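First up is the structure itself, then whatever we jot down about it.
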Amino acid sequence: MFFASDNTSGVPAQVLAAITDANAGYATPYGNDTIMDRVRTRVREVFAAPDAAVYLVATGTAANSLSCAICCPPWGAVFCHETAHIHVDECGAPEFYMGGGKLVLVPGAHGKMTPDALATSIAGTGGSVHGVQPAMVSVTNVTEVGSVYTPAEIAALTAAAGDLPCHLDGARFANALVATGATAAEMTWKAGIDVVSFGGTKNGLMGAEAVVIFDPAKAWEFELRRKRAGHLFSKHRYLSAQFDAYLKDDLWLTLAAQANAAGKRLADGMARIAGVKLLHPVQANMIFAQWPAGTHARLQAAGAVYYDMPAPDGFEAARLVTSWSTTDSDVDGFLAALHA
Amino acid sequence: MFFASDNTSGVPAQVLAAITDANAGYATPYGNDTIMDRVRTRVREVFAAPDAAVYLVATGTAANSLSCAICCPPWGAVFCHETAHIHVDECGAPEFYMGGGKLVLVPGAHGKMTPDALATSIAGTGGSVHGVQPAMVSVTNVTEVGSVYTPAEIAALTAAAGDLPCHLDGARFANALVATGATAAEMTWKAGIDVVSFGGTKNGLMGAEAVVIFDPAKAWEFELRRKRAGHLFSKHRYLSAQFDAYLKDDLWLTLAAQANAAGKRLADGMARIAGVKLLHPVQANMIFAQWPAGTHARLQAAGAVYYDMPAPDGFEAARLVTSWSTTDSDVDGFLAALHA
Amino acid sequence: MFFASDNTSGVPAQVLAAITDANAGYATPYGNDTIMDRVRTRVREVFAAPDAAVYLVATGTAANSLSCAICCPPWGAVFCHETAHIHVDECGAPEFYMGGGKLVLVPGAHGKMTPDALATSIAGTGGSVHGVQPAMVSVTNVTEVGSVYTPAEIAALTAAAGDLPCHLDGARFANALVATGATAAEMTWKAGIDVVSFGGTKNGLMGAEAVVIFDPAKAWEFELRRKRAGHLFSKHRYLSAQFDAYLKDDLWLTLAAQANAAGKRLADGMARIAGVKLLHPVQANMIFAQWPAGTHARLQAAGAVYYDMPAPDGFEAARLVTSWSTTDSDVDGFLAALHA
Amino acid sequence: MFFASDNTSGVPAQVLAAITDANAGYATPYGNDTIMDRVRTRVREVFAAPDAAVYLVATGTAANSLSCAICCPPWGAVFCHETAHIHVDECGAPEFYMGGGKLVLVPGAHGKMTPDALATSIAGTGGSVHGVQPAMVSVTNVTEVGSVYTPAEIAALTAAAGDLPCHLDGARFANALVATGATAAEMTWKAGIDVVSFGGTKNGLMGAEAVVIFDPAKAWEFELRRKRAGHLFSKHRYLSAQFDAYLKDDLWLTLAAQANAAGKRLADGMARIAGVKLLHPVQANMIFAQWPAGTHARLQAAGAVYYDMPAPDGFEAARLVTSWSTTDSDVDGFLAALHA
C-alpha cells in the first residue's frame, strides 16, 4: 500500500534486462553510443517528428530546467500554473538555469491554466524595459493535481501564447496519453508545443527523461547547457538502454495504462465510501482526497503510505499516487482500511 | 584495444547485481533509501571521518561543480592547475554553479601544481575590492596527465593554500590510492583536503560519484544546490546500489588496481619500443606518448582506439587510458601493433 | 503640470552647488573621498546607528538588488508585496543579483502586506529541499500605491518575519518619514529592519541612493558585489557630494515635505471634484485616481502629464506623483482642468 | 603631483555647465530625454555610423560587462589580453553579467595581444561540447600598460578573430585616437570592431560612458540587460548632459590631447634621468617605470602620488597616469623630485 509517489516504485524486468544487455563491451561515451541512435530514431517515430532533436538526462528537474533555459532569456517570464512543478518542487532550478528569469503564476481550477487567464497574464507582462518580457509558456500534463489536459485544451493554451515558445512538462506524459487516447504528436507539436520533457522515471525507469525539441536550431545550445550543468553522462549507454526498453513494444504506454487503471480503481473505490471526497477529477494516476479527521491514523496503522495535505478543521487530506507496479491487492487493501 | 577513456568501459557483475537487488519493492526517494544509509556509513569508515556529509550524484562534473559552489562565492577565485578538468573539460560548469567565479590557472610540470606556484598565484590575487578574492584550491588526483600526487605533496599544497578550503577532484581517486598506497584519509583530510569528489564512474560504475564534505556545516547548502541543479535523484536507490557494490569487499580498490596494472604493463611495453617516448610519468592508468608520424594509421588499422594529441612536426602523440576491464591481451595486442 | 514621476524633476540648487564644490582638485576614488567620510558619519547620525555600514550607488534598482543579494542566497525566497518595485519594475534585477532567487508575492490592500498574509506565505514556503527556502522580507515604504506604513506596522511585519532579515525599499524614505513623523531609526532598525535602500534620486538628487546595513558583518560582501556589478564609482565624490547636500540642514526632509504637501493639496482638491475617486489613501506624494472616460483627453490637452492606469469600462484611471519641485500653480492648474 | 589615476581628476567647467543647464525643468526619464537625442546623433556622427545603437551608463565596468553579455553566451569564451581590465580589475563583473562565461587570457608584450597568439588561443578553445566555445574578442585601447594599438593592429586582431564579434574597451578611447591620429570609425568598425565602450569618466566626465553597438539588432537585449543590472538611470539627463558637453566642439579630444601631452612630457623627462627605466612604450597618458630602491620615499616626501608596482630586488617600480588636468608644473615638480 505504497502510494507516496510513482517515484518510489522500482523498474520492470525489461528495463533491468536492457541495462544488462547494454553492459557488454566498450561504448562511445557522451551520447554517441549506438543504443542512443536507436532511441533517437524511435522517439522521432513516436512523435512523428523526423527532425526533432532528442536528448536524455537523468532527472525531471534537469529536463524542465534545461527546456526553460533554451526558451527563456534571463530577463524573460515563464508563464505556468501556480501549482507547476517548476515553481513548487524544484527549489528554483528554472531560475538557476535561466540565469534569473521569473515564473509568472497563472491561476486556474484543478491545476489547469485557462486560455483566458494565460492571455491576461501575458498581456500584463512586459511592454516596457522595466519589466521582464514574456518569453515562454510551460504546461504540465498530467497536471500536479492529477487532472489531464486534452490536446484541444493544450492547443487553446498555445494559441493564447501567440508567438511564445511552449514547453510541456511531461513527467507523466505517458499517463496523459493513455488518459486521453491522444498520440504523442497530437499532444505536442500538433497542439503547438515546441519542447517536451518526456518523462520516464515516474513511469518505470531508474532515472531517465528525454527532452524532445521540435526546432533543431535549439539543439546545440541544449547540448552545451546540458554539458555545463553536469547532465551529460559519460556512460550514456545506461540512459539509452532505459529509454530503449521503455519504447520497445510500447512498454511505456503499457506501464502508464497499469498506473492509470490502478488510479481509477482506487478513485472509484474511494468515491463510494461515505465521508470521502475527491478534491480534483481523477484522470490519471493521482488522487487528492479529503476525509474525516482521525482517518490518517487508521490508514497508517494498516500500512498505507502517502502524503498528507493541508485540510480544513475536522478533516484530513491526502495525495495518493499509483504506479505501474501498484497491484489490485494494494488498492483493495487501502480501500478496506479506509472503509473500516 | 579500446584505450579512449576509462569511461568507455562497462561495469563489473557486482554492480549489475547490486542494481538488480535494489530493484525489489518500494523505496523512499531522494536519498532517503536504506541502501544510502549503508553507503553513508561505509564512506565515513573508508575516510575515517565519522562526521562527514556524504552525497551521491551521477556525474563528475556535478560533483566538482557543486563542490566548487559550496566553497567559492561568485566573486571568488578557484586556484587549479591549467590542465584541470574543471577548467578544460566541463564547459564552464564551475563558473555556472558558482554564479560567475573565476578559475585562476596555476602552472606546473606534468599536470601538478607546485606549492610555490600556488602560493604565488594566491598572493597575486585579490587584495582590494577590484579583483576576485582567493576562495579555494582544487587539486586533481590522479592528474589529467596521469601523474599522481602523494599525500605529502597534497599536504604541501594545502599548506600553501593557508586558510582557503581545498577540494580534491578524485575522478580517479581509487587509482591514486592504489598508486601511492595511501589511505583515503591520508590522501584527503589528513593532508588538508576539505571536500572530495570521490569518483566511481571512471572506475567501474554506471554513473555515480560521491561528494564527501568533512565539515558538515556545509551539508544543507550542498543539498539545496544539488536539488536546484537537478542532481537529486528521485529513485536514488540506483545510485546508492552502485556505490554500495563499489565499496563492498573493497571492489573499488580492486578495480583500480587492475586499471593501474594494465597501465603499467602498457607503459613498460611502450618504453621498450624504439622511437616511442612517454611524455609524462605513468603512475596510474593514463599514458601520454609520442611516436613517429605514420604510426596512427598503423595502430588504427590494427583496431586500436585512443585520443590523438597535438605533436611536433614529424611526430604524432596519443593519450591512452586503461580501465578495470582492460585485458593483458588488449595491451599486448597494442604493443605488437606499435612495435611493428 | 508634470506629474509623471518624481524622477522627472531636477535637483535643487544646493545639490548643484555641492557638485561644483566637490569638483575642486584631486580626490581619492572608489568611495575613499573625504566627502564620503562626512556622509558616512552623517548617515549614521541620522539613523542613530554608529556601526552601520553605509554605501552609495546611483540607482534604486542597484540599491535594492544588492540589498537582496546580501540577504538572500540563490535558493532563497524574498517575501514582498505583489506590487513591489523589485517585482514589477526592475526587469528581474533582484533575481539576477541573487543568482536566481524567487520573489514570493504577498497580497494586501493598498499596497501593504499584512502580518498574517506574510506569516502565511513564509509558513507555506520551504520545509524540504524541494522548494526555495524563506530568506528575507522586503517592505516598500512609501508603498507603490502611495500609502505609508507606520513604524508599528513595519514592526508587526518584521515580527511576522521571525529570524529572516528584513529590507526596506525606501526609494521614498524621506516621504514616509515626513508622512508619519517617525525618525529614521524608528522606521528602520528599531522596527526590525536590517538593510535600507535610502533613496535620494526621487527626492531631489541626480542619481544617488544610500544603502544602510545595520549589521556591518555584511559590509565586505556588499562592497564586492557592488564592484562586480559595476556600481562602484571611480569618481565617487560626485555621489558623495549629492548625499552631503541632501543631509545638510535636513534638506532631504524639507524636499519630501514639499512633495507631500503638494500631494495632499492635489488629493484634497481631487476629492472635492464630483466623479473623481481616489483609489488608495494618499499619505505621501502619489495619487491613484479614477474618473469618467474622456477626462484624459481634456487633461492632456491642458498640458497635464501623468501615467494612465487600467480602469473599468466607462472610466479612466491615472497615477500622479508630486515632487519637491511641484508648485501650487501646477496643482491648481491640474485641478482646474480636471474640474472643467 | 597627483598621478595615481586619471579617475582622480575632476571635470572641466564645460561639463559642470552642461549639468547646470540640463537641470532646468522636467525631463522624460530613462534615456528618453531630449539631450540624449542630441548625444545619440552626435555619437553616430563621430563614428560615421548612422545606424549604431548608443547607450550611456555610469561606469566602465558596466559598459564592458554589458558589452560582453550581449556578445558572449554563458558557455562562451572571451579572448582578451592577460592584463585586460575586464580580467584584472572588475572583480569578475564580466563573468557575472555573462552568467558564467570564461575569459581566456592571450599573452603578448606591452599589453598587446598579437594576432598569432589570439588565433592560437581561439583555435585551442572549443571544438567539442566539453569546453567553452569561442564567443568574442575584447581589445583594450589604450592598453592597460599605456601602449596603443593602431587601427591596422586592431584590424589584424579582428581578422584573427574570424567570425567572432569584437569589443573595444575604450576606457581611454580618446587618448588612443589622439595618440594615433585615427578617427573613431577607423579605430572601430572600419577595423572590425562590433561594440565599443567609449569612455568618458577617465577623460574628464563625472561618471559617464557610452556603449556604441554597430549592429542595432543587439540593441533591445542591451536595454533589457542594462535595466536589470540597475544601470538605466531615471534622471538620465545628467548622464546625457555630460556626454553632450564632452562631444561639443571636440572637448573629448582636447582633453585627451592634454593628458597625452602631459604623459609625453613626463615620460621624456624620466627617460633623461639616469637610473630610470621606462618599462613600456609611453604612447598615451600612462607611464610604467622602474628606478632604484629608495626613490619612492623621496618622491612621496615631495608629495607625489602614484601606484607602486612589483619590482626586482634593489629596484622599485611605479605606474603614473596623467590626465586633462595635469599641469606642466605637476610634471616638472615630479621630475625634479625624481632627479634629486
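Read from first to last, the chains carry the letters A, B, C and D; within each, the first residue is number 1.
Following the convention adopted for this analysis, a contact is a pair of C-beta atoms (placed from the backbone, for glycine too) under 8 Å apart; a residue touches a chain by one contact, two chains touch by 3 or more.
Keep in mind that this is a model prediction, so the values were computed, not measured.
Engineer: Among the chains here, which has the CA centroid at the largest distance from chain C's centroid?
Structural biologist: B
Engineer: Report which interface contains more C-beta contacts, comparing B-D against B-C.
Structural biologist: B-D
Engineer: Using mean C-alpha positions as chain centres, tell me how far chain A is from chain B in Å, no decimals.
Structural biologist: Roughly 34 Å, centre to centre.
Engineer: Which whole number of Å gives the spacing of the CA centres of chain B and chain D?
Structural biologist: 42
Engineer: What is the distance in Å between the mean C-alpha positions of chain B and chain C?
Structural biologist: 51
Engineer: Mind pulling the chain C residues that touch 2 or more other chains?
Structural biologist: 74-75, 90-92, 96, 99-100, 129-130, 224, 227-228, 232
Engineer: Would you pull the chain B residues touching chain A in the complex into a rising list?
Structural biologist: Chain B residues touching chain A: 2, 4-5, 7-11, 16, 19-20, 22-29, 57-63, 65, 90-93, 96, 201-202, 206-207, 224, 227-235, 238-239, 305, 325.
Engineer: Using the touch rule from the top, collect the residues of chain C that touch chain B in their complex.
Structural biologist: Spelled out, the residues of chain C in touch with chain B are 30, 73-75, 99-100, 129-130, 133, 221, 223-225, 227-228, 232.
Engineer: Enumerate the contact residues on chain C facing chain A in the complex.
Structural biologist: 74-75, 88-92, 95-96, 98-103, 129-132
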